[in-house]
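In the two assemblies presented below, subunit A is common to both, partnered first by subunit B and then by subunit C.
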Partner chain A sequence: MKVDHALRALDGILRREMLRSLRQRARLFSAMVRPLVWLAIFAAGFRSVLGLSITPPYQTYVLYEVYVVPGLAAMMLLFHAMASSLAMVYDREMGSMRLLLTAPLPRWYLLAARLLASVIVGLPLVYLFLFVARFWDVRPPILGYVAVFPALVLSGLMLGAFGLLVSSMSTQMENFAGVMNFVIFPMFFASTALYPIWRLAEAGRVLATIAAWNPFSSAVELIRFALYLRFDMVSMLVVVACLVAFFLAAVTGYDPGRGLWSRRGGEG
Partner chain B sequence: MNALAIENLSHSFGSRQVLQNVSFTVDEGRMCILLGRNGAGKTTLFSLITGLYYARTGLVRVFDMAMQANPSAALAQMGVVFQLPTLDLDLTAGENLRYHAALHGLPTELSKARSREELSRLEVLDRIDDRTRALSGGQRRRVEIARALMHGPRLLLLDEPTTGLDVPGRRALEQHVRDLCRERGIAVLWATHFLEEVAADDDVVVLDRGRVCWTGPADRIAPELGVGSVAEAFALLTGSP
Partner chain C sequence: MQILTTLLLVLVFGPPAAAETIYVSNEQDNTVAVVDGATMTLQAAIDVGRRPRGMALSVDKKTLFVAEGDDNRIDVVDLAKRQVVGQLPSGADPEFFVVHPDGKRLFVANENDNQVSVVDIAGAKIIGTVDVGVEPEGMAISADGRTVACTSETTSMVHLIDATALELIDNLLVDTRPRAAAFSVDGKQLWVSSEIRGTVTIFDTATRAQTGKIEFEVPGIRREGVQAVGIEMSRDGATAYVALGPANRVAEVDTKTFTVRRLYLVGQRPWHVALSGDQKQLISANGNSGDISFIDLENREVVKSLPVGRGPWGVVIGP
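Coming up: the complex of A and B.
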């Protein structure tokens, strides 16, 4: 694989993702509105009923809005990853995936490029949300916006790789309703995005254990700590390990010899 | 030299055998028509040639490069038009071509020049800035062919490219590909079930239920089988009415 060829392909994939994203304005709009609705309505309602004790990385009592913003940023990455995964399934059904997979580059590289492009396209919206959240008095240190960048990229890649894996196993777009119900919602709700672990433990040990082992919780905590200029080593290791595992599994799923492609029949 | 050589290729989906010991070659600068009814295995064969499926049994060689051993080098020599349209409908014709060029490592300036040149040759340059969603079926097909030619392939694979086109559109497309074959020396493998797309100087491979049942020059098929036309020969070979 030649480096200049690989970079041009990455550039082409990134441009395509950006153009598609900009031309799907309704999707862009809903991606921005979703976390704001959670912040403006859900968090406002929970603020009065959900007391939070001092939980790292916070050094004092914080408003529920402050607690929930990193979780909502991770939620944006999760939904973006799943939308990207759905686009992969759509591309496969519509045929345009064939173009990508018959490019003269290793398949793992093409999938990695697509994954990276998707994350790059999704990040500006997350930053926009983090800045808009300042109107709700969620004001992390200014340097936190810089420190959170690698955490957002790593978390986005891990969730994107998970989406890639889901797309490699989905035979048709209709299956995605099931994915939403049985994968995305449990992943989001059984995590530390909306409540800290000790709160979940009060509801039940099983739920708290699930949340502790949920890789989405690690993504949330990595983002939360980075935004407040702290580093959570355990969360980072979990996110990196899951990224590698999900990506390798997705590459296997798209392998012409072992994946879904080889098991399905052609048209004629 | 063989542009494409298929040797003892077999493939199955579970217990369903789709291709059995398929062997044939396509020579440089020749137009080869892969004739077969729906379900004969043409699309599966294309998927194996392009590496979408992995060939466990048999070999695919493109200009002497084994697809299984060196897929990137083999794919770099190929231009492919799939049976299903593969244009991105949210992008313009020009953007679709430049995306393909990027995947093949072409520099931006060259990619822009080539996209205009190929679209012009296929008489769709005036639609370069239109989203492909707005194009007719025939225009989309021409854009797909222009895209397949962007990186200067030496082997062009077309899987039922005239499906969904009207008769003038089919004739124009066929003529254009024949011109490419003659002018640029590109080898072409054209899969179809339309017998009228076979010309006397083509090579023909007849595929039926996953097996090659005849291969050779088109003008020899009828005399060798003792019938009056390609259509009668095809009916005899495949048992179709």
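Coming up: the complex of A and C.
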């Protein structure tokens, strides 16, 4: 694998992702509106939910709007990752993915490039949301916006790798509805995005345990801590470990020689 | 470059806070918590009498007076030694009091005796009493030292007392269950908070007519949950801060327009608030959550809530 060749491929993939993302105005718009609906309407009804306890990294009592913003940023990454995985299925069915995978570059590299491109394309919207959230008095320190960048990239990669894995296992693009029901919603709701662990523990030990082990929770907490200039080592390790595991599994799944494709036989 | 470095430091660590000490009376712990204002950490707890609530610094700021409601006395705390070095009589159930600007006398509200006791500090004796309404609580003294205001919770009045003759000058009807009273910095207004109505009524001290009323609304909290208690005036006279009790908020009020500029979310049931010497930090003592909240007034945000003990009530900032 030559470096300039590899970079050219990355450049091509990145451009393709950007062009596609910019052409999908409706998707861009809904990606921005979704967290704002949560913030403006859902969070408004829960304003006083957290007035009882101080949850790190916060040093004082916070309104629910403040609590939920990092979770909504992670939700944007999650939806983006899953939408991107839907695109992957589409690509595969329409053949462009297969064309990409025939490039004389290692498959893992092409998939990693696709993953990175997808995250980079998704980040500006997350930043836009974080700045818009200032109008709801969610005002983390200015440096927090810098510190949150690596946290967003890592979380985005981890969720993207998870999306790749999901897409490598699904056969049709109609499956996205199933992905919504069985992946996005459980991951999002059974996490610390909407409620801190202590609040979930009040509802039930099992739910709290699931949320604690949910890698999405780690992504949320990594983002939350970084936004307030704190570093959450455990969350970072979980996110990195999950990124590696999901990515390796996805690469295996995309290998026609060994993975699921061969088992599916002549289909597609 | 140096500006940039300073800016970076400020961004990372926040603006340097003044090296002041915060004293908080813990009503249920029978202690006065000592908190370092710069590091926002708990330094010590001074053991005092039972049910400490109202506090005030001596004029030379070397001594802290603490009203002990269940011991019917006022403890004298030496701030250098951080211990009780003496006691003053106060009359029954002292809840709140003020130090006369001459530094020689205390005016104490005796909640159970329906009177205000005047205490001579040097002689450690009560030199006079003034009868007021039922359950006197809030106390304020004008900057010129001539007028003392005392609110009575059950009578719902504010009583004006001549500080020299020790006689009642006037009684003004206010909203239900008045808690705190405060004179404006220029002495032209008297502010009285009402716990049940959740309002602050403003009187002109010359004409004794009501000139304004502030109502507080907190989104998401029913009206009965919004109760006005402690009041603190900024030194420049432009702003007043009002603790809103069970609404868990401190309101920032424009003293010219009588409008609420913003609300700060603090711990549960703030009773009293105090401003730092540089007027950049406001501290609220939160009775139910057992902590104090630090409000950065420059950046307009609550930066930290620090546990200090059970039932924080009064807060005083000293050197």
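Just so we're on the same page, the second predicted complex is superposed on the first by the 259 of 268 C-alpha atoms of A that agree within 3 Å, B and C clash if a C-alpha of one lies under 4 Å from a C-alpha of the other, contacts with A are read in each partner's own complex, and residues count from 1 in each chain.
The rule is simple: a contact is a pair of C-beta atoms (placed from the backbone, for glycine too) under 8 Å apart; a residue touches a chain by one contact, two chains touch by 3 or more.
Just so you know, these numbers come straight off a predicted model, no measurement behind them.
Enquirer: After the match on subunit A, would you call subunit B and subunit C a fit or a clash?
Expert: Result for subunit B and subunit C: fit.
Enquirer: Classify the contacts of A:Ala103 with the two partner chains as first (subunit B alone), second (subunit C alone), both, or neither.
Expert: Only subunit B; A:Ala103 stays clear of subunit C.
Enquirer: Quick one: is A:Asp11 in contact with subunit B, with subunit C, with both, or with neither? Answer first, second, both or neither.
Expert: first
Enquirer: Given the touch rule stated above, what does A:Leu154 touch, subunit B (first), subunit C (second), both, or neither?
Expert: neither
Enquirer: Going by the contact rule set out at the top, does A:Val69 touch subunit B (first), subunit C (second), both, or neither?
Expert: neither
Enquirer: Does subunit B (first) or subunit C (second) touch A:Gln24, or do both, or does neither?
Expert: After superposing on A, A:Gln24 lies in contact with subunit B but is clear of subunit C.
Enquirer: With both complexes overlaid on chain A, does A:Ala250 touch subunit B (first), subunit C (second), both or neither?
Expert: Neither partner.
Enquirer: Between subunit B and subunit C, which makes contact with more of the residues in subunit A?
Expert: After superposition, B is the partner touching more of subunit A.
Enquirer: May I ask you to decide whether A:Lys2 touches subunit B, subunit C, both, or neither, giving the answer as first, second, both or neither?
Expert: In the superposition, A:Lys2 touches subunit B alone.
Enquirer: Check the superposed model and tell me the shortest C-alpha distance between subunit B and subunit C, rounded to whole Å.
Expert: Superposition on chain A places subunit B and subunit C at a least C-alpha distance of 40 Å.
Enquirer: Per the definitions at the top, what is the overlap between the subunit A residues touching subunit B and those touching subunit C?
Expert: None.
Enquirer: Inside the complex, what are the residues of subunit A that reach subunit B?
Expert: The contact residues of subunit A facing subunit B are 1-2, 4-6, 8-9, 11-13, 15-16, 19-20, 23-24, 94-96, 98-106, 110, 255-258, 261-268.
Enquirer: Mind pulling up the subunit A residues that touch subunit C in the complex?
Expert: Going through subunit A, the ones touching subunit C are 47-48, 51-52, 54, 59-63, 139, 141-143, 229.
Enquirer: In the complex, go through subunit B and note every residue touching subunit A.
Expert: 13-14, 16, 18, 36, 38-44, 46-47, 50-54, 56, 71-76, 78, 80, 82-91, 95, 98-108, 160, 193
Enquirer: Given the complex with subunit A, which residues does subunit C contribute to the contact?
Expert: Going by the criterion above, the answer is residues 11-12, 219-221, 248, 265-268, 289, 293-294, 301-305.
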